[in-house]
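Below you'll find a set of structures to go through.
The following pair of complexes shares a single chain, subunit A, combined with subunit B in the former and subunit C in the latter.
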Partner chain A sequence: MKPIRLLIDKLYKIRALNKAKPMLDAMDAAMFGTDETTRGKPHIVDTIDTKRYMSCAIAALVPAALASVYFYGFRAIMIIAVSYAAGLFVEFMFAVIRKHKIHEGFLVTGLIFPLVLPPTTPLWIVAVGVMFGVFFGKEVFGGTGRNIFNPALVGRLFITIAFPAIMTTNWQDPLTDAITSATPLSVYNSEGIMAPYLDLLIGTQPGSMGETCRIAIILGGIFLMFTRVGNWRIPVCYIGSVFIAALAGNHFLPEKIAPPLFQVLTGGLLFGAMFMATDPVTSPFSKAGKYFFGISCGILTVLIRSFSANVEGVMFSIVIMNAFTPLIDYIVLKFKFRPVKI
Partner chain B sequence: MVLKKLFGPEGYKILKKGIWREHPIFAAGLGICSALAVSNKVENAVAMGAGVTFVLIATAIIVSTLRSLIPQRVRIITYMITIASFVIIVDKFLKAFFPVISESVGPYVGLIITNCIIMGRAEAFYIQNKVYHSVLDAVSNGLSYSYTLITIAIVREVLGFGTLLGFRVMPGGWENWVVMTMAPGAFFLLGLALWISRAIAERGSAEEEA
Partner chain C sequence: MAHALTIFIAAILTHNIALTYLLGMCPFISLSRSIKTAFGMSIAVIFVVTLTAAINWPIYHKILVPLESEIIYYIVFIIVIAASVQLVEMIMERFFPPLQAAFGIFLPLITVNCTVLAVSLFMVLRDYSYGMTLVFALGSAVGWMLAIMIVAAINEKLKLIGDIPGGLKGSGIIMIIAGIIALAFMGFGGMVDIN
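The block that comes next holds the complex of A and B.
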């Protein structure tokens, strides 16, 4: 470790690198941790900070990432690497120009984003998507903690709308590596055939890179909830409301709405509910708000899946509810803390 | 400073204001709806910019000539009638000579009537100023509206269609950015342009004060 310490100290002393100080700070902190302490009250006796929060989220994403590498091989590693490189570039630019520190938040965004892409996505589209997501989804609003929408979702939606031909029809069958235009959800929509549940759980059905292996996602999600980094209320309400809405819908309109267990195990629902809807920045902080957020996401997802031209509705529903998050919290606070009538 | 001599100090000031300091879209936020809608192709942007500039100049002449005759109470209606008649001229002209553009710009030519720039400038400037100054103001506002539209349209057409004024400029394997042909793409670009121009303007005013 000593030579690295010396190297970083040396880099600090070079005049020309003064502008790139945020970059050096980030390197320093990543290697040696930070010795900064909070100034001002209140003090909480715990070492939890954004860094540990983000480390936990990344640890929770590791099973899904490993599964994507297992199923799609080198391609998956390339996509993840491009996502990190392009996103960090934007992040560094803003840190240097705005003179703020590089936040750890990007490490999570940069890993979530590639995992929700189809494995055949061209690398330059990955770069465009993640740069757009970081730029318009986060930095424009003022950086980590101030964004209204989940940056990974903003990037994913942008490339979905910008390149519909590439993003919605080029899926890869994980077993045969053949390119197919059909995912379990679209097969159900067009032909009414359901993929076997076991295949869906293990991940041998086509889909987005990190969304197919549901066992890995459930493992990561349980870890996330166990460490309390992700609140359990949103995923439970989200998945539960999808289940109930699909149960009721399938009873009355069986040809339009898929059965509940199939809905839960297909598409990006588990991934979205565990890792994207729980984003502490873009979801409500009040408990009642969390319940409402999760339930609305679930109902929207079922509606979009069944009645719109889009096959999958998880991204859209989370982004729509992101927009309502401040309003939800505002209303909850209004009801909870009313002035006393005298 | 040929321009200063050509237009006189007052006129030069008006021109400069309209083109930069009081840019109708960036500084005043006027005319954004049509800027978003019509900037998908460069030819549409040129047609729309020319149309708005023409209507602006004509309105400036009529309103500032009649400014002492227009009763205070009915001035808005007077603007509307003046603007509407010139918009109809533009619409008929496009239909007769450029039917393709007229088809694709469609209802937005008719909506020049409600373009905030024209109403705004008429109420803020033409009703109080001489004909000459009003015409200069109309020219500068029309120009800044047009160049903004055309700049955005260049980016949108190149990314969204791979063409520029109908000619292919992007290589064969180019993947069209469908989002750029839709209104959301224009929102992002206009936002960016607004951001950049505000940043430059702020720097400029800070230097002036120092």
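The block that comes next holds the complex of A and C.
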């Protein structure tokens, strides 16, 4: 380790690199850790800081990332690498120009974003998406901990709307590597055939890179909830309300609304509920707000999946509820903590 | 009844007047700084939009169409909107002063809100019956209220935690927020038909 230490110390002394100090700080911190305490918002209870928070989130994502590499091979590694490189570029630019520190938050965004993409996404679209997400989803609001929307989802949303043909019809079958235009959800919508539950759990059905292997996601999600990095209320309410809404809907409109267990196990629901809806920055902080957030997400997901022109509704519903988050918090605060009348 | 419900939901979600058509942007940007003003303005908008649509429909279908002078409907609608808002304000001032005080500056401001004119024009364009016009007007105004309330709450939160670059403060960040919400609302596309 000593030569690396020396090298970093040397780099610090080079005048020309003064501007890129955030980059050096990040390198230093990544290699050696720091003795500094966190300066970023918003974690105040407990000794937990942003760094531990983000490390836990990354650790929880590892099973899903490994599964994506197992199923899609080198392609998955390429997409993750491009996502990190392009996103870090934007992050560094902002850090250098606005002179703030680079936060660990991007490490999570940069890993979540590729995991919700179809494995056949062209690399330049990956770069465009992650750059848009980091720029407009996070940095214009001031960086990690200040964003209103989940940056990874903003990027995914943008490329889904901008390049619909590439983003919604090019899926890869994990077993044969053949390109298909259908995911289990769209197959159900058009032909009414359900994929076997076991296939869905293991991940041998086409879908986005990290969302197909549901066992890995459930493992990661349980880890998140166990370490209390992700609050259990949102995923439980989200998945539960999807289940109940689908149960009721399937009873009355079986040709439109898929059965409950199938809804839970297809698409990005588990991934979205475990890793994206639980983002502490973009979800309500009050308990009542969390319940409402989860339940609304679930109902919106079932509605969009069943009735709209889009096959999958998880992304839309989470971003919509992200937008509602400040209003939910405001209303909860207003009604729950009313001043006492004497 | 089902048709009315469809139009109501479509006007709020799939054809939201602020997020899909980007109408009523001037008050949307200037009054979404705080939740209180946004709420006052949106209540006033709901009231005026429904009222003017209810007045404009008979004027268009019972007067302009029989006289074959549909071509002047823009001017007629604008005059009707301005006149009815003024009239309502006078009546309120005389009979319900507290209500008038609550609306305050918002009522006269609405005469220049393009949402009001747009709802009357859509009513002609989409050939609604009288009942559907009322439902559509109410739905559009509620949709506008939804959009401005979301953005106002986000703005209040950003005031506390945000660190927005200088050049984007104010209307810049509001346009970005509205754009992202509009992207998300595209998810409802194709859910219900507005006609």
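The working rule: the second predicted complex is superposed on the first by the 331 of 342 C-alpha atoms of A that agree within 3 Å, B and C clash if a C-alpha of one lies under 4 Å from a C-alpha of the other, contacts with A are read in each partner's own complex, and residues count from 1 in each chain.
Operating definition for what follows: a residue touches a chain if its C-beta (ideal position, glycine included) is under 8 Å from a C-beta of that chain, and two chains touch if they have at least 3 such contacts.
Predicted model only: the values in this text are computed from it and were never measured.
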First, second, both or neither for A:Pro254, with subunit B first and subunit C second: neither
Which of subunit B and subunit C A:Ser308 touches, first, second, both or neither: second
First, second, both or neither for A:Gly73, with subunit B first and subunit C second: neither
More subunit A residues in contact [subunit B versus subunit C]: C
Partner chain(s) touched by A:Ile161 [first = subunit B, second = subunit C, both, neither]: both
First, second, both or neither for A:Pro196, with subunit B first and subunit C second: neither
First, second, both or neither for A:Phe136, with subunit B first and subunit C second: both
Set intersection of subunit A contacts, subunit C complex versus subunit B complex: 136, 140, 158, 161
Footprint of subunit B on subunit A - complex, ascending: 122, 125, 136, 140, 158, 161-166
Contacting residues of subunit C [partner subunit A, same complex]: 35, 149-150, 153-154, 156-158, 161-165, 168, 173, 176-177, 179-181, 183-192
Of subunit B, residues touching subunit A in the complex: 175, 177-180, 182, 184-185, 188, 191
Complex contacts: residues of subunit A adjacent to subunit C: 41-42, 98, 100, 136-137, 140-143, 145-146, 148-149, 154, 157-158, 161, 303-304, 307-310, 313, 315-317, 319-320, 323-324, 326-327, 329-330
